[in-house]
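These notes open a run of structures that come right after.
Below are two complexes that have chain A in common, paired first with chain B and then with chain C.
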Partner chain A sequence: MVILLYILFGISLVYIAATEKFSNYIRVYTLQGFLLFGMALAERESFSYVNLALILAETIIFKSVIVPWLLRRILQGTGIRNVHKRSLAGNYTVMIMILALGISLLLARMLAIHTADSTFLVIAFFTLFTGLVLISARKLIFGHLVGFLIIENSVFLFSIAIGKEFPLLVNAGILLDIFIAVLIMSIFMTRIGHRTGGFEAESLTKLTD
Partner chain B sequence: MLAGYFITGIVFAGLIFIVRDRRVCLAINLAFVIVQASLAVYAFSARGNTELNYFTFDSLSVIFLMVMAILSAAVFYHSIVYVREDDDWKRKLFFFSFIMLNLSLTGVYTANNIIVSWIFIELTTLSAAGLINHNRSMSSLEATWKYVFICSVGIALAYIGILFASAASGVGKTGDMSYDGLRTAFENTDPIYLKIAFILILTGYSSKLEVFPLYTIGVDANYVAPAPVSAFLSTALVNGGFIVFFRVYETMAASAIAGWINNVLVLTGMISLLAAAIYMQKASNLKRVFAYSTVEHMGLVLIALSFGKPGIYIALIQVTVHSFVKSGLFIHAGILHRVLRSYKLSKAAGYMALNPAGALILIIGVLLITAIPPSGLFVSEFMLFREMGSDHWLLFLAVATLLTLIFYGIFNKSLHVISGEPAVSYNRQHKVMRTDYISQYILFGLAVAACLYIPEFINGLFADVSGTGPMSISILNMK
Partner chain C sequence: MTALGLILLTSLFIAGFIVRIKSVASGRKGPGVLQPVKNVWVLLRKGSVYSEVSGIITRTAPILVLSALLVASLMVPAAGFPPLISFRGDFIMFAYLMAFSRFMMIITAFDSGSSFEGMGASREALYGMLIEPALFVLIAGLTVFTGGTSLSTIFDLTHGEGYSYVFGLIVAYIIGNITLVENSRIPVDDPKTHLELTMIHEVMVLDLSGFNLAMVQLTSMLKFAIFGSLIASAVIPWDLAPGARISLFIAVQLLFASAIGLTESFRSRYKMNRNQQYILTVSLISVLFFVIILFTKNIF
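Presenting the complex of A and B:
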């Protein structure tokens, strides 16, 4: 069962890197929230109610409900629909994603930790690389924000992969991180969108020497 | 006490939004500055005590709580002038963010647990954002976006590093994420995991420490933020970055990768120095020149750390004295702006003719930041060069060359502002009072004092952190 979740998560990463529509980003991100919840449930050996509540908040409430709602509001406010500008062409992005998957497999094999599930490590590394690819391959800052959110998913995966018994504090940290990402970035993105009439990263290049 | 401090701070921050009267708002902030100073005094008297499980008043935190108390007072005083003409909402958000930044930094300084440190360093990003975007201009929006975005990505990477190292060392099982617990656990951890974790943590925290690779966001933030805020960000916040990084460094320095860490520190420090030297020549704005100077000093701090215990001692002096000089310089930049109406070198010139008293302070500040005696930075940089000695002559030569370039850059740009021919004619009427200079004289005085005499209790704190005995660091008996 859990292997199905891994595969679905991996496919969602490739899809998010290749898709042209921002609304698809939001759908995939919503799906990833549910998948992460499923993976966390499957991996944890024991649960306290507090722990379960935190994981539920991190995944379903934040990642699948609040963040997608905020992202939709940003898109509605500015009317942008498609990734019409890329730093990298779509086929190059897919090739880089394949390379990233290969590197993730290699890293997970090389860095096998006795306390960690290696399949989980592969997915965690692959998610991290996907986030970095999204940030560097997209010219609109909306794509950068989605890239950051994907990196946050990789942080969550690492916390499950290598710390089945990590204290509550770790979860609290992740929750805070997501909160800041959502709150601050949506505020500033909306302002940038209104000021510049779009989300072009190139419009944010005034600060030079 | 710490619980009381946090509760008081949060209540004060909330009150700022409730009260309507400007003077009451300022009084609340003044009360907070007094509370912050009281905490520093208490921390010194309660040295070694742990409160709320996750916070310890060790020598390192005591040093920087004392430094922050001084900086907070100076920055608050100059903020009053800065926000005088702001509307209610902007002023409230400014002081709210200022209090929250102080609270977060106190958490960063005193946290004895790697996750708690990380949480509080993340909170500094949130509170600093409100201050950086104070002017609401397109530039400040751009700088704030970049600051929040890159800091968040960087800190997320640092978190992955922390999780990775913790899991590899087995502390994930015990749940003991305290620095003491990690230090013991790392002694028997496979070096490859620690190396990966160290690189991730250094990369992530470089956004706060203002060193290579993520130093640019700090430079941009200092450039666009109000001058008193730049004074705080480039000192108290950078000190926070130094503390979180230093605590991780300490836990790993006792492990098998100690030698490798030192090489990485020298490399990162040298690249930071190189970046500062190059971009300082290109900088066309006085605040950017000062901001690159922070990159230079933090680069030197990393190089110093690679020399073990004496290096830690040097780094502590460097960070402390840098805080006094740099905050004084940035605060004075705000005063300079009131006279010249610009930070741009193409417009800002002839300061000496328009405001001789201010120009004198700028000259003193520039001399002190470039480590000319009697600057306390002279002592730390002299000690650093002495450590490099003949064993590391190549490093000695490279650092000396880059510092010369930086020295030229700062002097060249500052002299242009002081005595250059102004491109525009200025109104000689400006609103600078003599009392505006008091804070800079105090801050620079502290930097000079560090060169001549450091009180025994401060020297004891430095010695305690570095693990050396008390060292004689006065210029008067230097060999």
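Presenting the complex of A and C:
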């Protein structure tokens, strides 16, 4: 069953890198929230109610409900639908993803820590690279926003891989950071974006006092 | 012999079944399941017309296209029934027989001297080249998983240590997508299109007629059955009773044909420049499957 979750998570990363519709980004991110919850449940040997509630809050409530709702509002507010035409072509993105999967394997092997689950390490690295690919290959800020969120998912996977070595507090701190980043970017896109003349990441460089 | 018999039998109705599913999905009664076979029979009794510029290739290649596929089908197991030919590394010969068949089809298109056919041939060559890694990586993953070295052993997934039904589904998904590319079906190509500019496979056979066209159509039907057989071999446990395996084999082939029919009914084809991305994505999923296999077998 866990294998199914690994594979589905991997396929969701492939899909998010290949798709050009932002609505699909949201759907995939929502699905990843559920998959992460399943993986966290499958990996932990014992649970306290507090632990379970925190994982539930972080995955299902935050990743699958609140953030997708926020992202949908951004899309409705800005009217953007697809990735920018000047974005890196899908063919190249997929080829980079194949390379990223190979590098993830190598990194996981180099970092062979006895306390870490190497399968999760590979998926975590692959997720991290997917987030980076989204940020570097997409021109519109929305793509960057989702890229950040995907990177946060990789942090969550790292926390599962390392298990007890990774305090929940650190994870919560990173989650808060990402949430603030999403909030600031959504404010930029819905409130300030129209005045800067677009939603491209380059327009952020024009901001002055 | 049973494996070959099953493959040849299912190849007769699989193309018709796809058309039937498409007809039902669009609210029409549609032709009978054996209509493509009847069409081939009509074509076989007709003479061939050749263009003035075409040479020996157009006259000989169609029969070579079918022959290569027939030899490839001799190596394919069918749900536990052993193939007629099996040896170490036969999957490489299998892949290159498929490639040879495609190559003959491509040079036939070039031999016609039509610029349209040349355009279709170049597309076919590109997509064929891009989908090949997906097949090889998949086979590499299966080889690692089962420890087998020929098609007759590597598709016996259910006996592999750490087997999960998920593996069978993923293999079916990847081979299903490879079939769509190899057979030039939606979303890569639309066999029903009437615009030469957007054609891939259909434009390559525009100058073929009669017996030669029948050979190409038989090849297409056989290709569906071969890939369907590989899927059936991956998902059906090989230790079941022969009767049960035969029933399940036919059921899987029908399910496979239904999936293709439904895909073609409810999905539009991609723009030409999106096809490469789709094919590369299939390759990436294949690589992902390979990585998961490495971890399952604790090799990594």
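One rule holds for everything that comes next: the second predicted complex is superposed on the first by the 187 of 209 C-alpha atoms of A that agree within 3 Å, B and C clash if a C-alpha of one lies under 4 Å from a C-alpha of the other, contacts with A are read in each partner's own complex, and residues count from 1 in each chain.
Operating definition for what follows: a residue touches a chain if its C-beta (ideal position, glycine included) is under 8 Å from a C-beta of that chain, and two chains touch if they have at least 3 such contacts.
Just so it is clear, the model here is predicted, and its values are computed rather than measured.
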Touching partner for A:152 - first (chain B), second (chain C), both, neither: first
More chain A residues in contact - chain B or chain C: B
Chain B versus chain C as contact partner of A:141, first or second or both or neither: first
First, second, both or neither for A:94, with chain B first and chain C second: second
Doubly contacted chain A residues - partners chain C and chain B: none
Contacting residues of chain C [partner chain A, same complex]: 164, 166-167, 170, 274, 276-277, 280-281, 283-285, 287-289, 291-292, 294-296, 300
Of all residues in chain A, those that touch chain B in their complex: 111, 113, 115-116, 128, 135, 141, 144-145, 148, 151-152, 154-155, 158-159, 162-167, 169-170, 172-174, 176-177, 180-181, 183-185, 188-189, 191-192, 195-196, 204-207, 209
Residues on chain B engaged by chain A in the complex (per definition of touch): 113, 115-116, 118-119, 122-123, 125-126, 129, 133, 138-139, 141-146, 148-149, 152-153, 155-157, 159-160, 163-164, 166-168, 170, 172-173, 175, 177, 192-193, 196, 220, 223-224, 279, 282-285, 288
Sites on chain A touched by chain C in the complex: 3-4, 6-7, 10-11, 14-15, 18, 89-91, 93-95, 97-98, 101-102, 105, 108-109, 118-119, 122
